[in-house]
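Chain naming follows the written order as A, B, C, D, E and F, and within any one chain the residues start at number 1.
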Amino acid sequence: MRIDQRAENQLRPIKITRNYTRYAEGSVLVEFGHTKVLCTASIENSVPRFLKGQGQGWVTAEYGMLPRSTHTRSDREAARGKQSGRTQEIQRLIGRSLRAMVDLKKLGENTITIDCDVIQADGGTRTASITGAAVALIDAMNVLLEKKKIKNDPLKGLVAAVSVGIHNGQALLDLNYDEDSTCETDLNVVMTQSGEFIEIQGTAEEKPFTREQANQMLALAEEGIKQLVEEQQKALGW
Amino acid sequence: MRIDQRAENQLRPIKITRNYTRYAEGSVLVEFGHTKVLCTASIENSVPRFLKGQGQGWVTAEYGMLPRSTHTRSDREAARGKQSGRTQEIQRLIGRSLRAMVDLKKLGENTITIDCDVIQADGGTRTASITGAAVALIDAMNVLLEKKKIKNDPLKGLVAAVSVGIHNGQALLDLNYDEDSTCETDLNVVMTQSGEFIEIQGTAEEKPFTREQANQMLALAEEGIKQLVEEQQKALGW
Amino acid sequence: MRIDQRAENQLRPIKITRNYTRYAEGSVLVEFGHTKVLCTASIENSVPRFLKGQGQGWVTAEYGMLPRSTHTRSDREAARGKQSGRTQEIQRLIGRSLRAMVDLKKLGENTITIDCDVIQADGGTRTASITGAAVALIDAMNVLLEKKKIKNDPLKGLVAAVSVGIHNGQALLDLNYDEDSTCETDLNVVMTQSGEFIEIQGTAEEKPFTREQANQMLALAEEGIKQLVEEQQKALGW
Amino acid sequence: MRIDQRAENQLRPIKITRNYTRYAEGSVLVEFGHTKVLCTASIENSVPRFLKGQGQGWVTAEYGMLPRSTHTRSDREAARGKQSGRTQEIQRLIGRSLRAMVDLKKLGENTITIDCDVIQADGGTRTASITGAAVALIDAMNVLLEKKKIKNDPLKGLVAAVSVGIHNGQALLDLNYDEDSTCETDLNVVMTQSGEFIEIQGTAEEKPFTREQANQMLALAEEGIKQLVEEQQKALGW
Amino acid sequence: MRIDQRAENQLRPIKITRNYTRYAEGSVLVEFGHTKVLCTASIENSVPRFLKGQGQGWVTAEYGMLPRSTHTRSDREAARGKQSGRTQEIQRLIGRSLRAMVDLKKLGENTITIDCDVIQADGGTRTASITGAAVALIDAMNVLLEKKKIKNDPLKGLVAAVSVGIHNGQALLDLNYDEDSTCETDLNVVMTQSGEFIEIQGTAEEKPFTREQANQMLALAEEGIKQLVEEQQKALGW
Amino acid sequence: MRIDQRAENQLRPIKITRNYTRYAEGSVLVEFGHTKVLCTASIENSVPRFLKGQGQGWVTAEYGMLPRSTHTRSDREAARGKQSGRTQEIQRLIGRSLRAMVDLKKLGENTITIDCDVIQADGGTRTASITGAAVALIDAMNVLLEKKKIKNDPLKGLVAAVSVGIHNGQALLDLNYDEDSTCETDLNVVMTQSGEFIEIQGTAEEKPFTREQANQMLALAEEGIKQLVEEQQKALGW
């Protein structure tokens, strides 16, 4: 039995709330248990310099934690004057994952920026971010379609993410903070709705893991992501 | 009649929600109409260097806007690598206002940091921040009392804040974004619950204002703050 | 009697010296007692990006203190790599005050930057800066008129500023450093030559102030600014 | 056949040169084909603040590319004033991988910093860095042992790394720059000498990959790392 | 004849004004013609970390130009967030030159920081800075002696500096801005009062110079510095 | 006899290796004894903004030390977020020296950036950098000629550099680290192949030097540079 009474292959309660704030073209509050992330999608009618004149769009992401989203307060990155390596690592991961959902040619010369801001952190903020951001991104692309700014839907399919880990030799799905900080291995997995991999990021700071454990974790992740995609679809009314 | 049907001396709907997030010693979501600010209070058992060994505490504030809290997305300050002048001006104002509520001697060698993060911005974010932060600060001081970290309540009294402005020659209470961006004068007022002034900040970028208009605005502010203090008291269950 | 033998409503000796340095289009050394600020106005034939193509100009200000202008040396902001919140707050105030003097349409697509550098600081550096900068700005606008770069004088009228405070319950005009650091309330007031308000910034970190005290301070400020405007006019030879 | 005539499961020519520079406690030039990275290990007799007084050591890594190590010059990070997200991501990966080799308790209160500076970049700089850094780290730990600064060898075992990818649907070992920039999926794998995983980082920006492809890549990586460990052992004279 | 009617070996009018501002332990306005630099010396009763516990003091310098000290406005370094390479080069030169005047052992564990702020720049700001700073430094050391903070005078002798250049093949002493920006070679020379060299910095961006020209320039510099030392002595009342 | 058995006027073993890395248009490893610097030249078909449209090119240099090129590790400048004053001083010197070799008009609107990265530092890194960079610059200009990007060779002649110093009253050529850190005076000299001066930078932090000592040092430098030019010519196959 896990600390919060879940089975090993059980997700925390998942909640995806669309239109959480008023101004963004997409605005989703995603909750994985106590982890809460606000994902907003903003459209800008231009592209970064390295894409100018190529007739395609861009999707990028930024990530931040409110200073007291965590158990103890961490410094405000804006005040310190730089984003941590962890923050940059995470926002690069989110951006790559979301671009895998989109046919950038069909997006036209538009940029969609996804801001993932962690309101409350109890483990799995990056996987919750990707799962919520995918929905916000779709809402923003639909705004472009409705306003006739683009002709064809750039969506290639949904993407969702979940963490898995080895804890006392046992593979667990969707780690909360307590599990995450004591587990031997932590693997973040991003998959498409059709069950293919976008990203695998596994780290064994405590203890190396075997091929068999990797397989167990990937299997758990696959199972979890299937459910997350269903939650996304439900939220989208599909 | 105002754009949102309010009378000139009418506040927007005010909502103060305590314990909005789980980990902070004080956590308040404050809403002035569509403006929503999350105010968390974090206790640290130490003081800044300039106060070391003086047997007193410190209260300070930081302020930030989520990039898409506004009508159009603004750059993330953490990514740009610095806080804007506006941000610094506001967080200094919040800090000064909150220190006026507290007997720093009675706080002992503790620092309380208030983070005001704007989730949605429709004008008046700094006055909403002060009003909500005052409640979060009290919750945090009560944690110190309950845990016997301090003996005497450092609270000197409540503080609340509101904006007033001159719009087409008419004084208005609690400006929303549309009013704020078109008004001739904008005055932010911070007062104690006993009706004395902590801060007055008035700016006439469009058109200078007369002594009489100043008086009208201060009177409106006084009226508004009286109601805000009642809302704070209601939220605190006093 | 005040520390420096002044009456409560008495300014320190005021001195405004034009053409203090050779290269700037306007260059004024302003002295409020021992406080000395060099205000230079520089013309650039362009506008910031957010004003491009709107057929109007811009006036902005920057502020700095020489590291040893003060009683004890403070760090050089250029060496630390950023301007303090206080510096930014002050330069934003100066800029807003000066823009109130100018019809930006008549200024054409020109930017005038006012640099206020404090040579010696004995309290009131921001109010001295505004008072001196107003004169430097007029000199620079006259250069534009003389060189036929603009047709009509953009000047709407003079602006000056002074600090007032409550010290031992008594309202005082034009605080020096000793008074400023011990007073209960500090109010900076910016007014036009016709007696209307541009900015009011009052702070009560020590002790809240009443409406009556606010009125006393505003009355003192009005009196002081009238004299400062006379000094400006004398310096300008009007 | 690959662009450089290698078989799919063939590493590029590997060369590990110890004592490449004179002053560092460990100094290794590692070459994976045209990719050349200088890895130096520096000992400092102290630990970072978060480890003070815990009787254990620390291993950390920094990574940089010489501006013209690449086909076109990239900006010098020291001149731009910050390390890119990619750089931080890589140096965090190297640090975690190396810590997996070391019993930090046995290291005593010493910090070993590994600098991985890329002299020439033809793909796989992060995996070459880890492979070379592991050897430099061992040399530095041996210096501590020889100088009697520590009593027991902190080494838990060797660690090496290699990249694998899917290129035209085919799994390839040890990608060079041309392969890397055109492949559909890129997976970096770090393993211990006993064949367990430390890190797996797979990214499919072009095209998602299947579970079967993941398995093929992991199998290739395992094979490659076995050879890399042999090269490390040969270099160490084991 | 030179642009300003001087002979080749003639300094501009030199003026050294002590006690120019009130608060610094040494405060000197130095003028070389239109070039005006305010040099203040500040005493701090501590030393930088690298000198802790060695029973000696330190002398260091910082340099800055007011944004409009020059013919056209340059960016404020504090606003840009960093000091230029030129600024750093100059302040390092000033610091080294001043340390050559002082027996750091006799200075005790005190740091004297010299701030050289250019009020008006017409060429030769670094040499004027050194010449004026030397006097401010002596004033500060005398404060230490008078206040019995140190026992023995740390002064080893005066130091002064001047620029020389080759202009149309002709060696010139003490270049003003117009000469400096058109000359083939620019040499800055710092010497002791006894005629020995502290620093020589010669640059030929336009055209290399011969050994003979170097000799001519050094001879001119020697002549100029002799006069500058006399001006320093006169100012000091020696 | 010197610490490394050299005669006073003897250079350390000099080695200039062209084409040290594969991608740069010029790539030279220069060795002055144990000092090793990699100098790469990169061509970009554009010029800095201040030269736009003037039909001429630009040559600039950047300098860096690998963190453990030195006896003890120094902080990575990219991680600290800024280049030190020393680094900026050196790279400005290298850039000016190299521009003296080139007719910028003949270079067309091209920029050549020379990166000098110190692999191992045993004194004289700036003079080795200039000496090696001159060769890399020529290789790059020859690429432009061969590719018909420019018509006429912009080369005006070779430039080389060496350090000289006074050690125990004795002038020494080409100081190594031990000599450099204990010598009374350190002079860096840059000369053309025809024996004229480009730069002289002499510093006497320990003890002032006389005119005669300056002459001795310049004579030694001249001798050394003659040999360095021969080494450059040999490396170039001239």
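Assume a residue touches a chain if its C-beta (ideal position, glycine included) is under 8 Å from a C-beta of that chain, and two chains touch if they have at least 3 such contacts.
Computed from a predicted structure; not experimentally measured.
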| item | value |
| --- | --- |
| Minimal step count in the chain contact network, chain E to chain F | 1 |
| Minimum number of chain-to-chain contact steps, chain C to chain F | 2 |
| Co-neighbours of chain D and chain A - touch as defined | none |
| Relative orientation of copies chain D and chain F, as a Cα rotation angle in degrees, nearest 5 | 180 |
| Centre-to-centre distance between chain E and chain A (centres being mean Cα positions), rounded to whole Å | 58 |
| Where chain B and chain D are represented by their mean Cα positions, the distance between them in whole Å | 50 |
| Of all residues in chain F, the ones touching two or more other chains | 81-82 |
| Round-the-ring chain order [start: chain D; next: chain F] | D, F, E, C, B, A |
| Contact footprint of chain A on chain D as seen in their complex | 82, 85-86, 88-89, 91-92, 96, 99-100, 187, 191-192, 194, 196-205, 208-211, 214, 218, 222 |
| Of all residues in chain F, those that touch chain D in their complex | 21-24, 27, 34, 36, 38, 40, 42, 44, 62, 64, 66-73, 76-79, 81-83, 87, 113, 115, 117, 119-120 |
